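Everything on this sheet refers to the single structure shown next.
Going by the order they are written in, the chains are A, B, C and D; count residues from 1 in each one.
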Amino acid sequence: MLKAHFKDLKKKVKSVFNSMPMLYEIEGKQLFKENKIPTPLFKAYTDSSSIIQFAEEIGSDVMMAKAQALTGKRGKAGLIRKVSSAEAEEYIQSILGRDHGGKPVEIVMLEQPLEIEKEYYLAVMLDNESGKYLIIASSRGGVDIEEVAENYPDEIFKQYLPTAVEPFSYMFVDLGKKLGFEAKTLTSFTNIMTKMVNMAKNRDLTLVEINPLILTPDKKIIAADSKVVIDGNSDYRQVDIAAFKSQRARHTDLEFEADQAGISYVQLDGEIGIISGGAGLAMATCDILEFLGSSPANFLDVGGGADETKIEKSLEILSRQDIKGIFVNFFAGITRCDDVAQGIINASKVFEIKVPIVIRLVGTNDKEGIQILENNGIKAYGEMEPAARKIIELVQGGN
Amino acid sequence: MAILLDENIKVIVQGITGKQGTFHAKSMIEYGTKVVAGVTPGKGGKEHLGVPVFDSMKEAVEATQATASVIFIPARFTYSAALEAIDAGIDLLTVITEGVPVQDSARIRQKALDNDVVMVGPNCPGLISPEASKIGIIPGKICSKGNVGIVSRSGTLTYEIIQNLTVDNLGQSTCVGLGGDPIKGIGFNECLTMFENDPQTKQIILVGEIGGTGEQQAADLVKKEITKPVYAFIAGQTAPPGKQMGHAGAIVHGKSGTAKEKMRILSEAGITTVKTSSEIPLKIKENL
Amino acid sequence: MAILLDENIKVIVQGITGKQGTFHAKSMIEYGTKVVAGVTPGKGGKEHLGVPVFDSMKEAVEATQATASVIFIPARFTYSAALEAIDAGIDLLTVITEGVPVQDSARIRQKALDNDVVMVGPNCPGLISPEASKIGIIPGKICSKGNVGIVSRSGTLTYEIIQNLTVDNLGQSTCVGLGGDPIKGIGFNECLTMFENDPQTKQIILVGEIGGTGEQQAADLVKKEITKPVYAFIAGQTAPPGKQMGHAGAIVHGKSGTAKEKMRILSEAGITTVKTSSEIPLKIKENL
Amino acid sequence: MLKAHFKDLKKKVKSVFNSMPMLYEIEGKQLFKENKIPTPLFKAYTDSSSIIQFAEEIGSDVMMAKAQALTGKRGKAGLIRKVSSAEAEEYIQSILGRDHGGKPVEIVMLEQPLEIEKEYYLAVMLDNESGKYLIIASSRGGVDIEEVAENYPDEIFKQYLPTAVEPFSYMFVDLGKKLGFEAKTLTSFTNIMTKMVNMAKNRDLTLVEINPLILTPDKKIIAADSKVVIDGNSDYRQVDIAAFKSQRARHTDLEFEADQAGISYVQLDGEIGIISGGAGLAMATCDILEFLGSSPANFLDVGGGADETKIEKSLEILSRQDIKGIFVNFFAGITRCDDVAQGIINASKVFEIKVPIVIRLVGTNDKEGIQILENNGIKAYGEMEPAARKIIELVQGGN
């Protein structure tokens, strides 16, 4: 069953619209350190003096320099390299600012190189299907784990743990043995597992992935990498995590601004800007533009219960994007059509909307909303497809 | 008959005196839902919208024998409110609130399972059995009574589909908005099974989205156990590839998260899939 | 027959490779207890005292089908060890460890109750059915087989009483040391009921202490349901009045905590109370 | 049932030998503050400047001065008084060092006086019988609550809560209403309850008692007093609490020294010092001395699994007490008689034992222990009563 699903994973879609943001490796490792999960010594690069200091700290002239990025394949992109302290500065300067996955590298991490006896893969994720923590582990770590899952499905081990259960070392003895740990390394492993699950619980992490988890020749188990995904809904109670630099870096400036205003906004590269409410309808709005021969310039979901201000803000954000038209598409449930209409009118008073705009407004308080628009000389559509056709016609003219 | 809710179901609104609670409780009452009580701690003993307000769910359930509750409470207090509803002995718990920490949702879900409570949501529009009762925020006027059952992961998109059906004289038995969060209460399969067993329901519409594996599991179930015709629409068909939940997510979910893949699997299970929501009524009418 | 343990009970020693674990596991084995396994994480696969050592209780139970475990683990790890034993499906859990945080004890106790596990301790000497089996640290050589059942809140004091009995040719069916901590597993009443139903037991000795209300509850039970003769000794008769658990403790326990008061209540329930432990054999012989 | 048990509560014994130590009021209130349970403003008195500062802080010239003590009846003893800032210094100096319950007053707390509309009693205790948290509350607070329990048993409300359950406000609505809280005060109360239970759980408190809990005329609920009992077994994980000043103050110096060595030692006023193992046997050892016409000079329980060092330490402690004889009484289970014997021999080599000593040694490894003693010319007894008679005879001579 596993095998069947692993062909073309690289391009797998897991919604661009989710609120499950990733941390930088170095931020993940800060959380590891807080939770006493062993990591190599590490330090953020600040200037050349930090390199000298770090070399002293680790008692070695050789260190890893790792560009911090929210997308993978850093190794292949030449963004991770083992360097001597003499080479480090030049190498780091060469990668700082380099584009990776559409973002410039802004942070470089210095790390103690490790001697490796064996590499493991380890992940704790909050599993959507079961609603439990799912632990995934393999003794074939350090490589593309998805290929391992495809080629050696029997060497991928899984264990579920209810979220309400307090984790203890004994719960992970079986798993540790399957991975081949024994004696002292077995207890090290079960302790690390316990800490990982506790960290996930206490810090509202939806994924903690370590690949590779390293066994050193002197039988220490160390997390050599970190991939940590947080739960955006928990920002209010994980204020320090929400403030990590990666949380700003994962957005374009406009996206970040929208995010701060509680709006889900993703920049795309089409011609028509959209404003909608509800992820499903917003996606369907993008879809219908494509199907009808145009393209969305963005995904924008004001979220449930949006008020006038959010509508105004959405229009303001679109006004700063290079677009040919705006398609406002609401089927209001918890949001109210009069709020949407009022927001549009308010916005149009504050700044000029220079491109054609088509508004489709149905649902809660739609009569009131339509009335507000009509009072301002704007016609509202009742159905999505005719409205979509209209905005495309306005944008593309007679073509 | 419909599923999950009929004209007799007694409903308590948690957070009834808040802005959203007030607005939507009013709309539920106007629709004919038996809203028998509201709960807002510290406001017990008052009346709001003509409904008695209690300080706790326990009191409200004891006084009214209600079996359902709907939560309009800010995300950070939803966990406690949901546990309170379950502790008070409710059978059907609907969580409208958006932005609930997923770990909280996971724990509510577990507690609901342990107590045989049907949980819908969070971050969902709720449910409606047209002309009988609605719990949540689905606009009542777009619905009409009939024999199409709808189960959806999307909120607003569902309204779209309901409206298209209503315009085309295809009434609905029950519409269930499951909610868009990664961890939620009941899913497609629970609803498919209920619709299969509901005499009123003759066709079933499934509305999915990219991400997750609920649609694939639904396909499995439909192939094996559902005899009624099923139609499906998946939002996000043109969405660009985005971030995934690490390799762990890939190991668990494989490539099954794309709209294209979901539609392929659903089609293979004998489900009629459509590209735009407006096609659904046409397809249903073709088959009638 | 005896209660709780007989010659067939299979016992796992948690913490077998530690100093205390080694010493007392050896003594248990020498006494004839079927110690079938030890558990020390990280030492699985070895042998210790001729007994296989496992990394986890789960493995040990699966390999040996043992139904009892005894914990010789430092206090701060006892909570986890106890939960592990319960999760592994043990029926009888004996916690010898002293100094366990009371909240941990409360939670272990709850989990034991939820899983129908008989928990003895913590901070207890364990149990012995002379000439059959012992679990814990009661010195075997002072015991002899017979028909006196002993249940005690004190450890060392119980040895005193056992020895006096043995010297006077009054053998024991089972001796249970409940432990001296405020929150613990089974109490007097569970043991009294078991002794009442045990054909081997003809007399019962109850050894209490100042503080708590276990003795009073025992008096109630004896009055209503115990037909066999019961003898009681309470330690701390001359103890000066000390600190109490605030007024809350007073409200819950009243003045019932003194030795004098306990002895009065026990006497009223028809229990023979004695002032010094050495009187017990005399009183039993008088009544034979 | 309640009524029957409340006659003579003042002298109720709850074991002098327990490890459930109480905190000073001011320490309890520090915990309240940490847990956001409302208290009056308070401050520890240090010198006259602290009085001035505090008067400014509370914006009032009048303040409460409260001597900190581990025993009750401070009010009746004149150790609590409402004073002006001008009077405060003199009053505080008059009570500092004054004896209360056998201990000199060492700490005085300054506190903001409160306006009182109504007084309540509130307690969360870890209940021994049920193993659950037991909440006890009454709207007749501020007075002797035990009398309330006797005279108005229907106005004492109880609620149990399993230790594993996460507390939430909704769980305390019923209780709050029984106490007569409503509207805003009801939610204040349920919040306070939630915090109290969480505090008890997180800080290993076996009792949190507030009497009175005060409702002010402006409808605020405030903890005007604190009685907090901690769990000595949890010291290792509540290091800051274990370090509170009250933890030293509750002992005499000798008791404190013993406590640090893991020995339960309580000074009494008899003639024979005892050393025993196990609280029950140690109590029975005290008892038998009394019954036979002598008296114990102390209670001393070396605890389970005591080694030579603890025995040595015990003898050393007794050597500093004014006693006429020593009775060592062991029936060893987890402790080993050879360790006990060796400890005695070791001690006798380090310092002279000037008074007669009688040793009773039975149980685990008793042969080895008796052998060790005999090798040193000491005879060991096998039974308690003859040994007790012997030491009394040695101490009291031919009388």
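By definition in this document, contacts are C-beta pairs under 8 Å (C-beta built on N, C-alpha and C of every residue); 3 or more make two chains touch, one makes a residue touch a chain.
The model shown is predicted, which means the values in this text are computed figures rather than measured ones.
Asks: In terms of C-beta pairs in contact, which of A-C and A-B ranks higher?
Replies: When the contacts at A-C and A-B are counted, A-B has more.
Asks: Take the average of all CA coordinates in chain B, do the same for chain D, and state the distance between these two points in whole angstrom.
Replies: Distance between chain centres, rounded to whole Å: 55 Å.
Asks: Using Cα averages as centroids, what's the distance between chain A and chain D in whole Å?
Replies: That gives a centre separation of 53 Å.
Asks: What's the distance between the Cα centroids of chain A and chain B, rounded to whole Å?
Replies: Chain centroid spacing, chain A to chain B, equals 26 Å.
Asks: Answer with line, ring, star, complete or other to describe the graph linking chains that touch.
Replies: Basically the chains close up into a ring.
Asks: Any two chains that touch count here, so list every such pair.
Replies: All chain pairs meeting the touch criterion are A-B, A-C, B-D, C-D.
Asks: Please give the residue numbers of chain C that touch chain D in the complex, ascending.
Replies: Chain C reaches chain D through residues 20, 23-24, 27, 75-76, 96, 98-103, 105-107, 109-111, 123, 125, 136-139, 142, 152-160, 163, 180, 182-183, 207, 209-213, 217, 235-259, 275-278.
Asks: Going by the contact rule at the top, pick out the chain D residues touching chain B in the complex.
Replies: Its residues touching chain B are 168-171, 173-174, 177, 182-184, 186-187, 190.
Asks: Going by the contact rule at the top, pick out the chain B residues touching chain D in the complex.
Replies: Residues in contact with chain D: 41-45, 55-59, 80-81, 83-84, 87.
Asks: State the interface residues of chain D toward chain C in the complex, per the touch definition above.
Replies: Chain D reaches chain C through residues 2, 4-9, 11-18, 20, 22, 70, 121, 123, 125-129, 131-132, 134, 136, 144-146, 149, 156, 162-164, 201, 204, 206-207, 209, 211, 227, 229, 231, 233-234, 236-237, 268, 276-281, 283-284, 286-288, 290-291, 296, 299, 303-305, 330-334, 336, 362-364, 383-385.
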